[in-house]
Amino acid sequence: MAKDVVIGKDERNTRLLVCDFLRLFYNNGWVTGTGGGICATSATGQVLTAPTGVHKERVQPADLFVVNSHNGEILRSPKKQLLRLSECAPIFCQIIERRCAGAVLHSHALSTVLAADASDTKDYLSIEGLEMLKGIANEHNKSRHIVPIVSNTMYERELCVAIEGALTDEAYSRSYCILVRDHGAYIWGKDIWETKRHAEVYHFLFEAVVARKQIRLNNGHAPSF
Amino acid sequence: MAKDVVIGKDERNTRLLVCDFLRLFYNNGWVTGTGGGICATSATGQVLTAPTGVHKERVQPADLFVVNSHNGEILRSPKKQLLRLSECAPIFCQIIERRCAGAVLHSHALSTVLAADASDTKDYLSIEGLEMLKGIANEHNKSRHIVPIVSNTMYERELCVAIEGALTDEAYSRSYCILVRDHGAYIWGKDIWETKRHAEVYHFLFEAVVARKQIRLNNGHAPSF
Amino acid sequence: MAKDVVIGKDERNTRLLVCDFLRLFYNNGWVTGTGGGICATSATGQVLTAPTGVHKERVQPADLFVVNSHNGEILRSPKKQLLRLSECAPIFCQIIERRCAGAVLHSHALSTVLAADASDTKDYLSIEGLEMLKGIANEHNKSRHIVPIVSNTMYERELCVAIEGALTDEAYSRSYCILVRDHGAYIWGKDIWETKRHAEVYHFLFEAVVARKQIRLNNGHAPSF
Amino acid sequence: MAKDVVIGKDERNTRLLVCDFLRLFYNNGWVTGTGGGICATSATGQVLTAPTGVHKERVQPADLFVVNSHNGEILRSPKKQLLRLSECAPIFCQIIERRCAGAVLHSHALSTVLAADASDTKDYLSIEGLEMLKGIANEHNKSRHIVPIVSNTMYERELCVAIEGALTDEAYSRSYCILVRDHGAYIWGKDIWETKRHAEVYHFLFEAVVARKQIRLNNGHAPSF
């Protein structure tokens, strides 16, 4: 599968950035234990996707797969024969197609799990009263921001149906994030830089929601989630 | 707007320090998601201000705007055309003018949000019983230190009225910090080094206030804030 | 004891990796205060083991002992005369022999202590409802994963009996971890990379279990552990 | 005061190590906001002491004062005229004299404040049921380890009387730490390396005590401190 192709400067830079951000996100505790994943589109619209089952902070630029976002087909594989494409790839392609995303992070941060818990059994998390909401594209700080939550499934590929539902539901049209209960989150943006910003913003919001719920419960307030 | 001006050694050093501190504060979680901001005055009294909407840990010395603190006018812009002046600039100028500040940090740390929450609906946070209070200029460890809290507004510029009130209120004359509810904090000092010290001290105090409130609530004590 | 032996490339790499991971684990708070330990087997089946009583983040490749896993005998000692073999060595050998482990981490993380607390007086910790369970070899995310807990003893060597019991108990056959109450955890894998993955996965799971128990207790739910 | 003296290799190394550890402890949150301090004795028994009121992570080897531990007299000052000797110096000398300490850390970590809180109004903190107790010289893991707590005073020098009481009280003879309520801790060891180990061990113990107390309170258990 691996062929000697000439890789343009734009793709080289995107590959470097993907690996740089994986190291950063690993240090944040978002992609530890080989969990989580990331993809970013190149200028030509191809999807550079990290391999699965590897220590994410050690992924090298040459380790990425190139995928066609329209049909999920692998266009180029890394030369290291043992690498396998991320199980998230179909979901990455869905988000790119449905939302014109330029990059997607799949986070395994503990705060994503606890934030979904904070919604109790609802299929969305409502966030309000935080300036940091401004960090989400087209959102402002007085918004009541709604993040969809889908149930976890045995295999990542089985999430596609629920993810498709969340991506096409008008109620969630302002969200750049889908929470997967007991599991993590998919977070995206129009390009890799907006995806990094959204990732930092959503993780902050999740930590804030969980901290505030804890304090309100201790305070004897009925939880308002 | 951008002109080739000769930048003196003092300004060069201040620019380097501003960027160095942004990286440090980013790692502390105080300016993530492109949030927060910073400014510092040069020896000639001009205000070097970070741009808005950028990943703060990646700001370069040449990216800073030079602003006149008296009227908020931009004196020099960075050569990168896409950079825009921080929305905090008018507030930075207010604090510099009213309090002779040499630098101001605008923090988006979660602890600033939770500390304002801890005040319930009061428009100030009272902090006492902590040695770390000594780290605030002219304060001692037996002080009851009062930090003003202002309500958040839709746009940063709309904060100016409430900030002006807090800066000129005698009750808050010992504070080097203004909390903005649901948002963050402005923290300053006579120069950039005192601002760094104050930033570390206030964030410590906010974490302590929140931790102690949590433990007292669990303990069945009436909260004393 | 120390002899000039020619060390092959594989052993050199393993020694480097052991020291690299000790620095990483120290930064995670898993082996601070000179606590904790690690071993890894070389291609020839010998066990490279960190010394005891030293600051783990400063262990150098030449500081490791070489031990025979079958009988615990020291085959080669480091040249630094003051170094002593880890007290964990007999337990490391047990785990290598019983479970064909290629490496073992002994963690002193606070989350391991609190996770054992969360089991109350039971001699196992049950973990379920977390995608991260997939990070454990042969486990899936719908599993109810059972980690044995043994009581702490005065000396590390006295743990061997209870550890032997846990390693040979069919109920714990899917676990790559043994918790030691009030003390820490032993975590292993088929090689040093799987051990790193398992270490990150189990520490995440312990943090999740503790956080969820806290929130449920605050919520007025009966703890379900 | 500053003279050109030839500094021996041992003293040079100790100066480097003091600065190295200050950076490490700063990153741990133990000496932020210019708070906290450190000293270490050279081979000739002189006390190398960090200056006060400076950003501790930026202290350079040439910035240390040399103090006579018997009478607290400054033997050599750094060339930078603005540096002032740490207010902790008399306490450092007390601990060196009374306990033959080779180095002393003064920590301002939040966990030291919360651990003293956890004792309620008692003048000691009792720690038991933690393997990490073994990290304290001559202590074992079944010990009930007693750390004295003294009340905070307006000025650091006023702590000397209470510190003297704690250092000479037989009940506290096994402790290498004194907690100062609302303030921090003094932690020492026979040399700078043991002091680092004790610092890591005590901070771990304080975090464990606070976490366990929180969980027990939530659990409806009467606090057992």
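Remarks
All chains are identified by letter, namely A, B, C and D, in their written order; residue positions are counted from 1 within each chain.
One rule holds in what follows: a contact is a pair of C-beta atoms (placed from the backbone, for glycine too) under 8 Å apart; a residue touches a chain by one contact, two chains touch by 3 or more.
The structure displayed is predicted, hence computed values, not measured ones.
The rotation that brings the Cα trace of subunit A onto that of subunit D spans 180°, given to the nearest 5. Of all chains, the one whose CA centroid is most distant from that of subunit D is A.
Residue numbering at the subunit B/subunit D interface overlaps only partly, since under half of the positions present are found in both copies.
Here the CA centre of subunit B is 44 Å from the CA centre of subunit C.
Computed centre separation for the pair subunit C/subunit D is 31 angstrom, with centres defined by C-alpha atoms.
In subunit C, the residues touching two or more other chains are 214, 218.
Here the chains touching each other pair up as A-B, A-C, B-D, C-D. Partner subunit C is touched in their complex by these residues of subunit D: 129-132, 134-135, 140-142, 193, 196-198, 200-201, 204, 207-208, 211-212, 214-215, 218-219. Subunit B makes touch with subunit A in their complex at residues 29, 32-35, 55, 108, 110, 113-114, 117-118, 152, 154, 180, 182-184, 210, 213-214, 217-218, 223.
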